[in-house]
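After this come two complexes, each holding chain A, first together with chain B and then together with chain C.
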Partner chain A sequence: MFIRDFFDKLKPDFSKGGRFEKLSSTFEAFESFAFTPNTVTGGGKRAFKGSHIRDAVDLKRTIITVVVALMPALLFGMWNIGHQTSMAYSLEWGFWQEFWNGFLRMLPIIVVSYVVGLTIEFLFAEIRHEEVSEGFIGTGLIIAMIVPVTIPLWQLAIAVAFAVVIGKEVFGGSGYNFLNPALVARAFLFFSYPSHMSGDSVWVAAPFRYAGDAVTGATPLGQLMASQPLSASALDMFIGTIPGSTCETSVVAILLGAILLLVTGIASWRIMLSVVIGGGLMGLLFNAIGANEYMQLPFYYHYLMGGFAFGCVFMATDPVTAAQTNSGKWIYGFLIGAFAVLLRVLNPAYPEGMMLAILLMNCFAPLIDHCVVARNIKKRQKRWERRIM
Partner chain B sequence: MNSNRKKLIVNPLSKDNPITVQVLGICSCLAVTAQLKPAVVMAISVTVVIALSNLIISLLRNTIPPRIRIIVQLVVVSALVILVNQILMAFVYDVSKQLSVYVGLIITNCIVMGRLEAFAMTNKPFDSLLDGVGNGLGYGIILVILGFVRELFGSGSLWGYPIFEKLGLYNIGYENNGFIIMAPMALILVGIIIWIQRSRNEA
Partner chain C sequence: MTYKITKGLDIDIPGSAEKRIAEDVESKFYAVKPTDYVGLVPRLLVAEGDNVKAGTPLFEDKQNPGIHYVSPVSGTVHAIVRGEKRALLAVVVKSDGKQESLPFPTLDIDSCDIDTIRQTMVASGLWTLLRQRPFGIVPPVDSKPKAVFVSGFDDSPLPADTDFAIQGREDDFHAGISLLARLAGKLYLSLDGKKQRNSVFASVKDADIHFFEGKHPASLVGTQIAKIAPINKGETVWTVNFQDVAIIGHLFRTGIYKPERVIAVCGPVVKEPRYVRLLSGATIRSLSVESTIGNNVRFICGSVLSGTAVDTDGFLCTSCDKVCVLPEGDYYDFLGWLRPNFKKYSFSRTFLSGFLAQVSSSSPKFDFDTGKHGSVRPLFVTGEFEKLTPLDIYPMQLVKACIVGDIELMENLGIYEVEPEDLALCEFADTSKTEIQAIIRNALETIRKQS
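What follows is the complex of A and B.
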């Protein structure tokens, strides 16, 4: 085959002692992108050393499955961007025109996210003489999917660079980070440029070559924060035809991805379920208190608004940053859901609590695991002592 | 000046920096560096306090009973800090307002007590003075770097002068970074400085 020959011909140059030895990581990355690597888990220079199960499901395949699972939300998001523009400016576009418009809006965001992130990943891999990790293929797409559509691209580029360097590479790269890099990027944007990340003028893109006044569109969370009545029905929010971050509005599309992740066993059903339970119980608790209108909101609305569904399916379940033990996962997920709703309802500064809830629990995941393991050891020791007596 | 004495000044600037290597005095370095001017004033104040207290304690070192040495050191440091505070209030009142409690908190700055215990108690006065100046400058360098970066990218100005506005950066869509003003970002910046310094010193 032509491509195989091409790589085989180039290989000596990039191997040790070859002309382009310094670029060996880059070569390896492109070869592994084009072909299935002939090594299985355990073959990596460093990434999987010490693993005793040699399985053909490597990081590459895991990440690709996540990317496929993101597709429904991504495609729906592209259409929704165009749809929101068309609705807000009463343009009466057709379906394909809406999709094409959203696609043109979305493309630069994805390209900037990938180019900046992958450039830094390649640089670090070359400096450290490691293989380029596939981790960013998923992260890069997720970053593009959780920002407002009107985000200035240079701000996005800075945020991606910050997330990859400070969120990931300083800890040793993919698999060593303790915070979800996509959320680090979003949090960086949120705290650095708040006027571009919240409010009601950032969620709807103006049509191309439009010179008039911008039309505003508030998200359901923004309306609740300002004590306005909700303009969208629960069904609208479920389907996702509401203003919001680029690709996280549609609960239906996210659920399709969730099914794929659960069937393939890549995401933990324990975490997803416990996030839903945690958010629901917190919502019910607020219903019981009912001190203001926000608290009286039916609890299931919290699942439909903002980034709850997206965070629950794609970010809380990130295997690197989540708790590792099974009972730890229940605690971790439950607290994410509970904190997300708590922040939404009680904190006047942050309309959306999901991002901060996940980042907070990312920090606590190792502690939860430690406690679970320690408790287990103690329990077994007691059982053993009883048998000895 | 012989090479040993030179080392007393030069070492704390990079190889033995009180903030990035000994990781002391982090609290004040996060708190006062949102702008350059307070950072510089703070750096000077701390340098003066460390240098003078080192000198005084070194002069007294043979007469201080070991069991009450911490109290004696504290009395000397507090007296100096109160002096510095009064001078700041008299001559640069606005900066003194900005620094608020952090001038008073120089007393609790670990670098001051650390140098007194580790150096001034066992060394001659002149050496102690040099050591104090060196450590104060080492602390000051980091403060000035942080203050420079944070004011430039956080507020778009330097020493209160709106430099980015004059350059016309806002007209082409640039915006100040709100995160860099907050304390967490200062800590991350300190981390980045440590990162650069270690990888340079290793090589």
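What follows is the complex of A and C.
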């Protein structure tokens, strides 16, 4: 096969002692992207003892499944960006025109996110003489999907760089980070450039070459925060035809992704379910108190607004930063849901509680696991003691 | 008692051995390999050209003087194979075809005293058939275990039929069980609850019989110990392979050392998967395996999940019940991470094949080879290991404790309750392609050397 021949021809140059030795990680990344490597169990060691057969799954397969699961939300988001512009500026665009405009808005955001993030990933891999991890293929897309469409690209670039370096690489790279890098990027933007991340003017893109005043479009969370009546119905929010971050408005599209993640077993159903339970119970509790209008909001509205659904499906379930034990996952998810709603309703400074709830629980996930595992340890030590007595 | 194992995985690999007659196989050369034993430091007791009989010591353990590793056949010492730093790899004996054994005393199992059993076992080399947990070593001569555990069935991929393998040696097996039960004080025999309620295994005296049903690794002795009587810190138990039990029984009944085994020769590329009867340490060549795909295959002594790779011109490992032959997987797979793929086996449901296998009842046949199917990454995905480990431990946390070398944490997380093979399924299914069994073995060796 000619592609294989191409790689085989170049390989010596990029191997140790070759002309482009310094770029070996880069070469490896592209080669293993095209071809699953030909390594065998035991690496050809004589008298290798271990598992001689291996599951067909690898991390690339896992990540690509996540990317596929993101597709419905991404495509819907592209259309919705155009749709919101069309509505706000009364342009009466057709479906494809809306999609095309949204696509053109979304493309630079995705490109900047990938280019900045992957460049840093490749750089670190070369410095460390490691293979490039595929983790950012998912992260990079998720970052692009959770920012406002009007985000200045230079801010996005800085945020991505911050997330990859401080959120991930300083801890050793993909698999060693304790905070979800996509949320680190968003939190960085939120706290560094608040005027570009919140308010009513950032959620709807103006048409290209538009010179007049920007039309504002408030998100449901923004309206609740300002004690305004909700302009969108529950059905609008469920389908996602509302202003919001680029690709997290449509609960339907996110649910399609969730189905894929659950069927393939990539994401933990325990986490997803417990986030929903946690958020619901907290919502019901506020309903019972009912001290103000926000508290009286039907509990299921929380599922439909802001980043709750997207965070629940794609970010709370990140296996690296979530709790790792099965019982830990229940606690971790429940608290994310509960904190997200708590922050939304009670904290006037932050309209969106999901991002902070997940980051907070990322920090506590190791502690939760520690407590879960400690129970197992105690049980074992008790057994030892019984024997001694 | 019956235990049901719900966590685990039965991997259906085509090419199981056919239960016809077990044909006798004679090998010209036999080898005893120090590398088969964990932590063994051998001291050579013979030289090339020496005449030996079955049961003649070839080398002993420097750390446990007196424990002899003996020749399986009579003949002459043909070669002493050394590797790097002159490490002893194998002592090869050329068989003279007579199969003469050193004379050992026959014992009346019910009345002889325990010390005589112990001495005879050490002197005849039978002692080296015992394994001690924790650590998987041959136990020291003065070892006093809590109990002996014997697994009487095999449910690993390409399972060997143990009832068939033991046919004709039932009396030896029964004698061996009684003897080990006397020696250790307590013996647990675990059997397949679906198939072995009325088998020859179930009629043994002196053993505490438990039945196991469900998924692999139900047949692993580690699973059985964990369910019946888990190992506590400071305790030791012995485990013995069921065919080794028969070898032990045979010597005490007849006074002859004859390490006879019936092994399954199996695998998807073997032309005639079958059972053969031979002596321990025979050559792979003597099995005369015909492969359907030529020479690019791997011979594995033991299960494909935890066995040892052996060269074509190598020798069988000790306590081996089957030789599995797999095609090597050293090929590039174009866009392997992207294509749906119907022929590749996956425990995860990220492949259509794995998904269909889990939702449909008719199990399709998959291609199995030794390919790693991906690149090595840090431990990333969680939840896989837990579905495959029926033990009361946290496998992911244990593996991580082993990687960082925190001995106290390893102890607390149950390192003494596992041998590498108990986490073999985790290694198989691991998305990150980590060599988990090697990590566990290294950790156990570190602890053993420190204590």
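Please note the rule applied: the second predicted complex is superposed on the first by the 362 of 389 C-alpha atoms of A that agree within 3 Å, B and C clash if a C-alpha of one lies under 4 Å from a C-alpha of the other, contacts with A are read in each partner's own complex, and residues count from 1 in each chain.
Just so it is clear, a contact is a pair of C-beta atoms (placed from the backbone, for glycine too) under 8 Å apart; a residue touches a chain by one contact, two chains touch by 3 or more.
All values reported here derive from a predicted model rather than from experimental measurement.
By the document's definition of touching, of the two partners only chain C reaches A:266; chain B does not. In the superposition on chain A, no contact is made by A:298 with either chain B or chain C. In the superposition on chain A, contact of A:108 is made with neither chain B nor chain C. For chain A, the partner with contacts to more residues, out of chain B and chain C, is C.
Judged by the touch definition given at the top, the superposed model places A:94 against neither chain B nor chain C. Using the contact criterion defined above for the overlaid structures, shared-chain residue A:290 touches neither chain B nor chain C, since it reaches no partner. When the two complexes are overlaid on their common chain A, residue A:377 makes contact with chain C while staying clear of chain B. When both complexes are aligned on chain A by C-alpha atoms, no chain A residue touches chain B in the first and chain C in the second.
By the touch criterion given at the top, residues 173, 175, 177-180, 182, 188, 191-192, 195 of chain B touch chain A in their complex. Of all residues in chain A, only 1, 3-4, 32-42, 45-62, 64-65, 131, 133, 135, 172-176, 263-266, 268, 319-320, 322, 324-326, 329, 369, 373, 376-377, 379-381, 383-384, 387 touch chain C in the complex they form. Listed in rising order, the residues of chain A touching chain B in the complex are 152, 154-155, 158, 166, 170, 188, 191-196. Residues 11, 13, 35, 157, 230, 232-235, 298, 300, 304-311, 324, 326, 328-338, 341, 344-351, 353-355, 368-383, 386, 392-394, 396-397, 412-414, 420, 424, 427-433, 435-438, 441 of chain C are the ones that touch chain A when the two sit in their complex.
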